[in-house]
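Each of the next two complexes has chain A plus one other chain: chain B in the first, chain C in the second.
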Partner chain A sequence: MTNAVETRGLRRTYALDRRAKTGRSEVVALHQLDLEVAEGSVHGLLGPNGAGKTTLCKILATVLLPTEGEVRVFGRDVRTQTRKVRRDIGIVFGGERGLYTRLTARQNLHYWCALYGLRRPAVRARTEQLLERVGLVDRADEKVEGFSRGMKQRLHLARGLAGDPRLLLLDEPTTGMDPVSARDFRSMVDELRREGKTILLTTHDMDEAETVCDVVTLIDGGRVLAAGDPRSIGALVSRHERVEFDFVGPVAETVRDLLDLPGVVGCTSVSPGRHRVETADDDATKAALSLLVDRGATALTTSRPRLEEVYLKLIGDRGMAVR
Partner chain B sequence: MRVFTASFRFQCQLLRRSPGDLSVLVTAPFFSLLFLSMADQAHRSALTPYAVVAPVFMSVWSMSLFVAGDLISRERGTGTLEGLVATPASLSVMVIGRITAAVTVSMLAFAETWLIAWLCFGIVVRVPHPLMLMATLATSALSMAGTASVLAAVFVLVRSARIFQNTLSYPVYLLSGVLVPISALPEWLRPLSKPIFLYWGAALLRDSLSPSDVSSPVGRLLAVTALGAIGFLAGRLLMHQVLRRVRVLGTLGRT
Partner chain C sequence: MALRYSLRVVRYSAQNAVADFAATYTWKSWLFGWLGRMLSQVVFFTLAGRLLGSPSLHRERFVGNSVMTCVVEAMMVVASSAWERRAGTLPLLVSSPAGLFEVFFGRSLQWVVSGTATSFVALLALGPFFGVHWAPAAVPVVVVVLLVTSLGSYCFGLFLSVLVLQATQLRNIVSNVSYLAMMTFCGVQVPVGYWPAPIGWVAECIPITHGLRAMNALAAGGRADMVGQQVLEAALCGVFWVLVAAAAFRLLAERGRRDGSIEYSA
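After this line comes the complex of A and B, so read on.
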């Protein structure tokens, strides 16, 4: 499989205002970043605020130049083959901005489609197709300023698809969306994947990344911390399966017996009355489950470490701080 | 050309939704009233063509400056500037298409002035050279859009470029002989008038309203077109350089 995106030693810095007197002349947004996004995949980019996700999207969208390093989109250099790269990409920035709110959805899309050099009949056809796809046909002639957040975001997605791009960059597209709109949005992403489009999605939402992404890359401080399949990336924090259970009453004896089982490597309390056993293999899991059923444990579940745990483990809980 | 026409149509749609942006069409009749009153009061009928042409060119040029300046700021404000730059279309062509639309709409100032002259002063402005009038208005509109695109490029780089916008209005009207004959300017200042396309355009427009033959019409139309083309090329070159610069600095989308 070829790569839709390839970065090698990508570095991007921003000059700081000298008047700010921070003692630094520049801030590093991306630090020797190496990244590969396979064609046809949905690739999640996870990281806290200031990690460099939007900077990377902007470089791939050609609105920002790399300071150092190589960046290729479908094998084309973003520096020297800018116009060709632009034909292959669509970008959707999150948030309320990015649309002409005094115009209708149809007028917005007509213009964006025309900017990709389509003739008028093709512009009209593409616009109708996009409105249909994002479910805005019935509201197409209403001004965008009256749209809900979810409708605006669907129009954003349609705008990003105006040029029928091979690579779609989605920069935190579900921020501020209600759960139903976010779910609809994810199903649209899934549809696009089935059509063979490559999607690079930046998000804070672990569930979103786990649900829609084939591969996730965790970045922080402009560096890649980890990358892999969101369902197996949990191995980075633990290779073990876990069994969680509720237990009413003294649990010490049960814990001791669990730890005596071969293949059980740990047992911790995760919340009052709820506990987690970590096992090294399937046999140990079966034995632990059997013992817990015998002792009257309830609400038993088995799972692998979730992406959220990996995120918190690698990036840490830094509250509101931004690097 | 597709991007130009799409941008032209798009700006017309925006203007329909934002009638406040057409304020020049409100001020043009007042300017007409004022200038025609001054010519009438002074009993100088020779100044009547100036009183008719000046509000038209002032409206159209001020509209092109306004749109050129505001277009980039508004795109930044709505968060669409980065999206526009990320398309394969040339930002210069988009800008020129949109300024041309605004300029074309503001040509309605000519009809307003004509009506003011007739209704308030009983002056029926006749057009003995209609083709010349049309050609002058068309070349002047394109030249204004081309020249104003330089300003749009400056706005991409400098967010507080409003000062340029102001500098290029009244001093230019006076210098180019739009408002008063250049014979009223000091001798040493007059050579500065000719490199301004407005000088040629305004003179041609006045001549197209005069019964006598228009002298060297082709040469003068070419002068308007050539000066507009220089403006267009300068705007395009500057836009290219400026976009490269803001992509290096990372300031393209900053509001």
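After this line comes the complex of A and C, so read on.
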């Protein structure tokens, strides 16, 4: 499989305002970043505010130049083959901006289709196709300023698809969307993946990343911290399966018995009355479950470490701070 | 091929401009709001000129202020170009295959059409009250002079809009100061010769200076070649500014890519 995106030693710095008197002349947004996004995949980019996600998207969108390093989109250099790269990419923001709100949805799409080189009959046909796709046919002639957040986001997606791009950059596309709209949006992303589009998704939503992404990359401070399948990336935290349970009354004896079982590697309390057993294999999990049922434990669940845990472990809890 | 594509981008951007204009004005608000306001401005400056200045300049002052209305409106390109940045569409435009200049050239053309109509109504409807009468054969020429003046001023405004795209908070200041400067130095209120020579040289680079001379010559029943020469000079000024604006838009995009000044966020 070829790569839709490839960065090698990508570095981007921003000059700092001298008046800020920080003692630094520049800030490093991306630090020797190496990244590969396979063609046809949905690749999640996760990281806290200031991690470098948007800087990377800006470079791929050709609105920002790399300071150093190499960036290729479908093998084309973003620095020297800018026009060709632009024909292959579509951008979708989250939020209110990026649309002509005094125009109708249809007028917005006509315009963007024309900017991507379509002629009049193709502009009309593609606009109708996109409106159909995002479910806005019935509202196509209403001004965008009257649209709900979810409708605007669908229009954003349609606009991003105006040029039939091979690579779609989705920058926090479900920000501020209600759960139903967000779910619909994710199913549209899934459809696009089935059509063979490559999608680079930046998000803060771990569930979203786990649901739609084939691969996730965690970045912070402009560096890649980890990358992998979101369903198996939990191995970075623990390779063990977990059994969680609620227990009323003294639990010490049950914990001792659990630890005596072969393949049980640990037992900890995760909150008052709730405990977690870690097991090395399926047999150990079965044995632990059987013992816990016998002892009257309730609310039993089995799981593996989730992406959110990996994120918190690697990024750390920094509260509201931005680097 | 590339030229066709560029023209298509301009055309669709202009359609976007028309839709934007239709969303801003109804025919009533344009007629009784905008047009009424601009006609009042023409009457005010002409009467003020009559009270303060020489009666011999009376006709020129009326013609000057009438033509100025199309320039005022054309200069609204400065503010409306900045709307793209505020709407968050600028990075999307930069990253599209379309050229930024073509997009912005078409994107505010509504002001040229509306401005030409405003000036035309002012010249024809108010003219007789100030002793300016138009022969039927001169009417099409009036439209041509207004279109060239308005379009040339629009190109000058496009250049200024590149500066304002980097400091959007200045959009109304730049727009207002620039047309007030044109009113002052380009022959609208007083002849260009009134000012020191260096100011006059600068005024020669501004389309309205020549558009006004052409319109004044036409109003005075001047020779066709004299009118034609001034229209040509106004058009050349417009071409100069359109080339400068095209280069400035290219620099804007390149600079934005280098320094990261093109915002990209929700």
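Everything that follows uses one rule, which is that the second predicted complex is superposed on the first by the 323 of 323 C-alpha atoms of A that agree within 3 Å, B and C clash if a C-alpha of one lies under 4 Å from a C-alpha of the other, contacts with A are read in each partner's own complex, and residues count from 1 in each chain.
We adopt the following convention: contacts are C-beta pairs under 8 Å (C-beta built on N, C-alpha and C of every residue); 3 or more make two chains touch, one makes a residue touch a chain.
Keep in mind the model is a prediction, meaning the values are calculated, not measured.
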So, on chain A, is it clash or fit between chain B and chain C? clash
Should A:Asp171 be classified as contacting the first partner (chain B), the second (chain C), both, or neither? second
Going by the contact rule set out at the top, does A:Pro230 touch chain B (first), chain C (second), both, or neither? neither
First, second, both or neither for A:Gly94, with chain B first and chain C second: second
Per the contact definition in the header, classify A:Gly44: touching chain B only (first), chain C only (second), both, or neither. neither
With both complexes superposed on chain A, which partner does A:Tyr111 reach: first (chain B), second (chain C), both or neither? both
Touch test for A:Gly222: chain B only (first), chain C only (second), both, or neither? neither
Looking at the overlay, does A:Gly52 come into contact with chain B only (first), chain C only (second), both, or neither? neither
Just to be sure I read the superposition right, which of the two partners does A:Arg102 touch: chain B = first, chain C = second, or both, or neither? both
Residues of chain A contacting chain B in one complex and chain C in the other: 14-15, 55, 58, 61-65, 83, 86-87, 89, 91, 93, 95, 97-103, 107, 110-112, 114-117, 119, 123, 143, 159, 163
If you look only at chain A, which of its residues touch chain C in the complex? 14-15, 54-55, 57-58, 61-65, 83, 86-87, 89, 91, 93-104, 107, 110-112, 114-117, 119, 123, 143, 159, 163, 171-172, 175
Interface residues, chain B side, partner chain A - complex: 2-3, 6-7, 10, 13-14, 17-18, 78-80, 82-89, 94, 244, 247-250, 252-253
The answer for chain A against chain B in the complex is residues 12, 14-15, 55, 58, 61-65, 83, 86-87, 89, 91, 93, 95, 97-103, 107, 110-112, 114-119, 123, 143, 159, 163
Which residues of chain C touch chain A once you look at their complex with the stated criterion? 5, 8-9, 11-13, 15-16, 19-20, 23-24, 87-89, 91-98, 103, 256-260, 262, 264-266
